[in-house]
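First the structure, which I've put down as structure tokens, then a few questions once you've had a look.
Chains here go by letter, A, B, C, D, E and F, matching the order in which they are written, and residues are numbered from 1 within each.
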Amino acid sequence: MSRKPLRVLAIGAHPDDLEFQVAGTLAKYAARGDTVIMAVATNGDIGSATHTMEEIGAIRKQEALDSAALIGAELIWMDYHDEFFFYNEESRRHMIEVMRHAAPDVVLGHWTNDYHPDHSLSGMAARDARIMTAVPLIITASAHLQKIPVHFFYDTLAGIDFTPEVYVDVSDTFETKRQMLACHKSQNAWISDIFEGRSIAQMMEVQSAFRGLQAGVRYAEGFRALPTFPRARDYSLLPLE
Amino acid sequence: MSRKPLRVLAIGAHPDDLEFQVAGTLAKYAARGDTVIMAVATNGDIGSATHTMEEIGAIRKQEALDSAALIGAELIWMDYHDEFFFYNEESRRHMIEVMRHAAPDVVLGHWTNDYHPDHSLSGMAARDARIMTAVPLIITASAHLQKIPVHFFYDTLAGIDFTPEVYVDVSDTFETKRQMLACHKSQNAWISDIFEGRSIAQMMEVQSAFRGLQAGVRYAEGFRALPTFPRARDYSLLPLE
Amino acid sequence: MSRKPLRVLAIGAHPDDLEFQVAGTLAKYAARGDTVIMAVATNGDIGSATHTMEEIGAIRKQEALDSAALIGAELIWMDYHDEFFFYNEESRRHMIEVMRHAAPDVVLGHWTNDYHPDHSLSGMAARDARIMTAVPLIITASAHLQKIPVHFFYDTLAGIDFTPEVYVDVSDTFETKRQMLACHKSQNAWISDIFEGRSIAQMMEVQSAFRGLQAGVRYAEGFRALPTFPRARDYSLLPLE
Amino acid sequence: MSRKPLRVLAIGAHPDDLEFQVAGTLAKYAARGDTVIMAVATNGDIGSATHTMEEIGAIRKQEALDSAALIGAELIWMDYHDEFFFYNEESRRHMIEVMRHAAPDVVLGHWTNDYHPDHSLSGMAARDARIMTAVPLIITASAHLQKIPVHFFYDTLAGIDFTPEVYVDVSDTFETKRQMLACHKSQNAWISDIFEGRSIAQMMEVQSAFRGLQAGVRYAEGFRALPTFPRARDYSLLPLE
Amino acid sequence: MSRKPLRVLAIGAHPDDLEFQVAGTLAKYAARGDTVIMAVATNGDIGSATHTMEEIGAIRKQEALDSAALIGAELIWMDYHDEFFFYNEESRRHMIEVMRHAAPDVVLGHWTNDYHPDHSLSGMAARDARIMTAVPLIITASAHLQKIPVHFFYDTLAGIDFTPEVYVDVSDTFETKRQMLACHKSQNAWISDIFEGRSIAQMMEVQSAFRGLQAGVRYAEGFRALPTFPRARDYSLLPLE
Amino acid sequence: MSRKPLRVLAIGAHPDDLEFQVAGTLAKYAARGDTVIMAVATNGDIGSATHTMEEIGAIRKQEALDSAALIGAELIWMDYHDEFFFYNEESRRHMIEVMRHAAPDVVLGHWTNDYHPDHSLSGMAARDARIMTAVPLIITASAHLQKIPVHFFYDTLAGIDFTPEVYVDVSDTFETKRQMLACHKSQNAWISDIFEGRSIAQMMEVQSAFRGLQAGVRYAEGFRALPTFPRARDYSLLPLE
């Protein structure tokens, strides 16, 4: 009768990346009863012009927890230093363990050519870890998965070098998305200072509205299927309806 | 409770093109109760090494009717001369009328860079006619549509220059697809003669199995959404179950 | 001391296309003293759900004149039937004559793969006419040009299949752009009816803001140089400063 | 023991296009005993700033004959008006007949996105005619072919939008290429006048040397296989050794 | 009179990758008297759901030796841990030494964007090592080469993200290819378990038949030339005849 | 009245890479009063068939100093071993420091898919370091920048896989470019030995002339803007006039 709830793992490089790009989709999953896990690769410990690394790291973790709480999501804090996530054996194994812990049906990861290397490199690590989650002889803290999860890439900052194949209509959950992003209070002044005056909230709204324009709805988020074998047959694990 | 049945229009350049590329998907639509209309742009009147144009044209129309009958589909015979379908005002208006007559929710058309110009040019005509079906001041025999249909491209011969975004699993309807293609008896000797010895049936099976390999199923057919505005938000009008 | 004023020719398929995509740039040219000519390929005579073709054609021409008047631009009315601009010898020769009449330093034309065939086909005709404007033995009403103009493509509807190479900051002229688009009163209800509820003005603002986001300014318009020989060496004929 | 001589058909839009892009390869074919046929789509009747159309057309035909004579090639003069080659049923049928007359093993045609529409459109017509040459029910003056010829695209002006897959080393025949191009005396002043001062001979030498640089030889010409079905399995019909 | 035999080095990530993608070509080289060397980057020590790493590693090495023996090829066992081949200074130097030891005329390596990171990363290491093989001041066990070998990429799993430029007809050696793959007995149950039920042998046959369909033969393998300087001028080092 | 002088940082992998690809542009910057800094990632210590690593490294540094002196540029010698530049945390931090020391308005870096891994990997390191130069909590010897510099990619060897978006006319500074390259005396015999007989000077002239052909001038250098956020709005920081 009823649909079996999904387990959804979204992986972002910095605290607030998931809020910017996929929070509308995550809220939609949560609203229909799926389990959402948000993993953050770095601890955001350089994201400030005024705090020490320890201070800003602690602040940002709390902001991430506040945001995840709004949709009842679990937060996984991978705790790499901000700006210096590299893709190597250690981080690949870490990604495998994160995926096994989350045991997801579907993974949402960064595109591998985004503006920031933490995005691109964590996107590569997630992409490549996926196929190894089901291999028994790779030992990590959690047991190996019975089934390789389906992997989708989400949008880049300002949509550059990213052509969505499919759009999730997030008009209904856009207000939640806005609130989740607003939890990241520490980033507002800092970012608009670097990026010529638009706040993060404004940047996110422009991009969500543009993806909505392309998709024929008010607000949308765009995705692409991982194109390598075994690739997603379709997009039915996204909350499209 | 129950899904509203769809109206599906598939447009092929020659009799047997739809059978080769989308018959598995069409059979799936039909099997679940959707209405299927098969339009054929040319009358196949050169498809023979032995018959006259009139003879072979008549033979091929009957073959197309036999094939459509297997899934209870309506056949629209556009009757352009084989090899000489050109994209101009006349053929565009004809395509508009075909679409209005069929009143489809979804259109399946040729990729616009396939190996044969009849494929590519009828693919362009279908693609461009779509947006005009809803314009009241363009007058054709049938009334204008209330809603622009969603358009998908299907695969090319041997899959060249075509990267599917989404795959329809046709393992269950593959036997029907084979039978539909087999209705086109006149093409078997002729084609294997030109194309170095593989029969059409064998070519079709190889391609369907390859798309299945990519999609993780036994047999599949690949599709892409028309990438122009207003683009398909998702693929839910395909029979993805 | 002072810059020699440029002559700028922008060519759109329908009345309001130029307003949607390049009016901010045109206003910037005009504001600094360059001469702007706006050519419209079709007469917009199907752009209505209520008027006859003659009525709506007349209305739309006046709207186009009103819009051009806001920046002191000349309007060239090519008067092809809306929805049925085809690229053939007649329309190519017509484009050559339009360019010779305008005698531009720079031409702004549609991308050749936009959502509407009138856009794509008039974009092709403009692109190809350009190189012939300087050929003496091609005789049209106006004299041949001494110099082949530089050609740029402007953005597509919803930015689909278009990656800008360069952005013109139109923050300062955005209000003029809005007013120019608003002159096309007849299109508002009609379009939002077809395209799921956003008005043309809203669609335009979303897209201009998104291009601005990519370019680091409030509002921007994106362009690409014609990539064929002799190609633009740089973008200095655009109003970039 | 000995290789069977090939029949090679090269098709250019204007007198001197073949000389600029493939004369080194044609000379190589000729030198080893293959039969070379050069077809020219337009009669070059606008290629002058001083002559009438009739005068310059006659001059250019003689120049083309002089050039072909240097390698003992047959010249086919298709005689369309320069600048106005369009791709339609008439020109497609004409191309079919040219190919049947030449009965080639291999066809060399323009890339379909070159700087001049005569290039692109004759390139499309040649590409599409190829598959129809073997169809008995398409009647032209010459008999249908027994085998579809293999089709390669040659380089564009200034190499824009063209990435060679394979290179023919023309160092040994470069002097012949230079002489063939030099037969087109009428074009020298005229072209350097339009294209900012480099003579055609200099343009050709720069491009041939650049393709040679890419290929590790002194002078080369680049090619791509037609990517559609049935595609060239390899490049063995090019004079690679 | 006679052709000088070539030295051919094929590099695969795991035992059985070369058998899946290039064994038909390798068998063809061997059959005409060329020397074939097969290098395997990882030891396959995770390729089992039942054995320990040591056990399965030993089993797979023997399977690789059995396969190589069928065409008289030398096997180079690079012995990296399966799933954890990374591209760094150590593995690059290792690849340089492997190439110097093999002293090949031609190298066949993985595409750098295949489904498994061991494929992509060993493909990058091989691609980049190539140019350094001829540098005297890079010291490895074997002497530097006198000539940089020509590099080709072979196909990906399920052909995703790989468009062949050239095809080798392997119809005649397909039975040998099948036998070589069959030597990898340990992989059959294991893989079909993970990849939804098709055996490796079936997957390989589908892909070889599809590449054959594209190339107009029964079975084929597809290749691309490394596109960077100094690039292959042509494909004459592949066994095309 | 007068333009504020720019600070320009060009980063090359080996001594002589900047001379080959961007020296004409650098000379143009210098000639108009901008400050030019040339950074070289590796010390060139394998670039010889006869010297020891120490000897050739010392020779090449002096050659680089001689070249930089011709346009009054500062030289930054990063001193990584030739052939073994890897992109990791150390080299990224080094690039950040180089950029902070240079404090540039504009950075010119290698394309990330050039023929040599030192090119591609130093290109990636430069590309990614850029955005971090303005982050206060990343501590290096020099202070963080107030503004993220604009980043352009320059051409690849033989122009393979590189399509310029914009061209700098270097006809006037070409003689200086030739002299700068000629300072690298140690490379002439060595390179032509490996790359089949053309000297570096000849290779450079062919490529500069080809880019000039594309741009309609005698000699040119081609560039592309870094396409990721925040991307260059235009090309006005290049010396285009």
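We take it that contacts are C-beta pairs under 8 Å (C-beta built on N, C-alpha and C of every residue); 3 or more make two chains touch, one makes a residue touch a chain.
If you're wondering where the values come from, they're calculated on a predicted model, not measured in any experiment.
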### Task
Identify the chains adjacent to both chain A and chain F in the sense defined at the top.
C, E
#### Entry: Proportion of interface numbers common to chain C and chain D (over half same, under half different)
different
### Query
Using CA atom averages as chain centres, what separation in Å is found between chain D and chain E?
39
### Query
Which residues does chain D have that touch at least 2 chains other than itself?
158, 160, 195-196, 214, 216-217, 227, 229-231
### Query
If each chain is a node and each touching pair an edge, is that a line, ring, star, complete or other?
other
### Message
Can you give me every chain pair that touches, using the contact definition above?
### Response
A-B, A-C, A-E, A-F, B-C, B-D, B-E, C-D, C-F, D-E, D-F, E-F
### Query
Which of the residues in chain F end up touching chain D in this complex?
158-160, 195-196, 198, 203, 206-207, 209-210, 212-214, 216-218
### Message
Quick check: in the complex, which residue numbers of chain F touch chain E?
### Response
45-46, 48-49, 53, 56, 83-84, 86, 113-117, 156-158, 160-161, 194-196
### Query
What residues on chain C touch chain F, complex-wise?
163, 165-169, 214-217, 220, 225, 227, 229-231, 233-236, 238, 240-241
### Summary
So, in the complex, the side of chain C touching chain D is made of residues 88-89, 92, 128, 131-132, 134-138, 148, 227-231
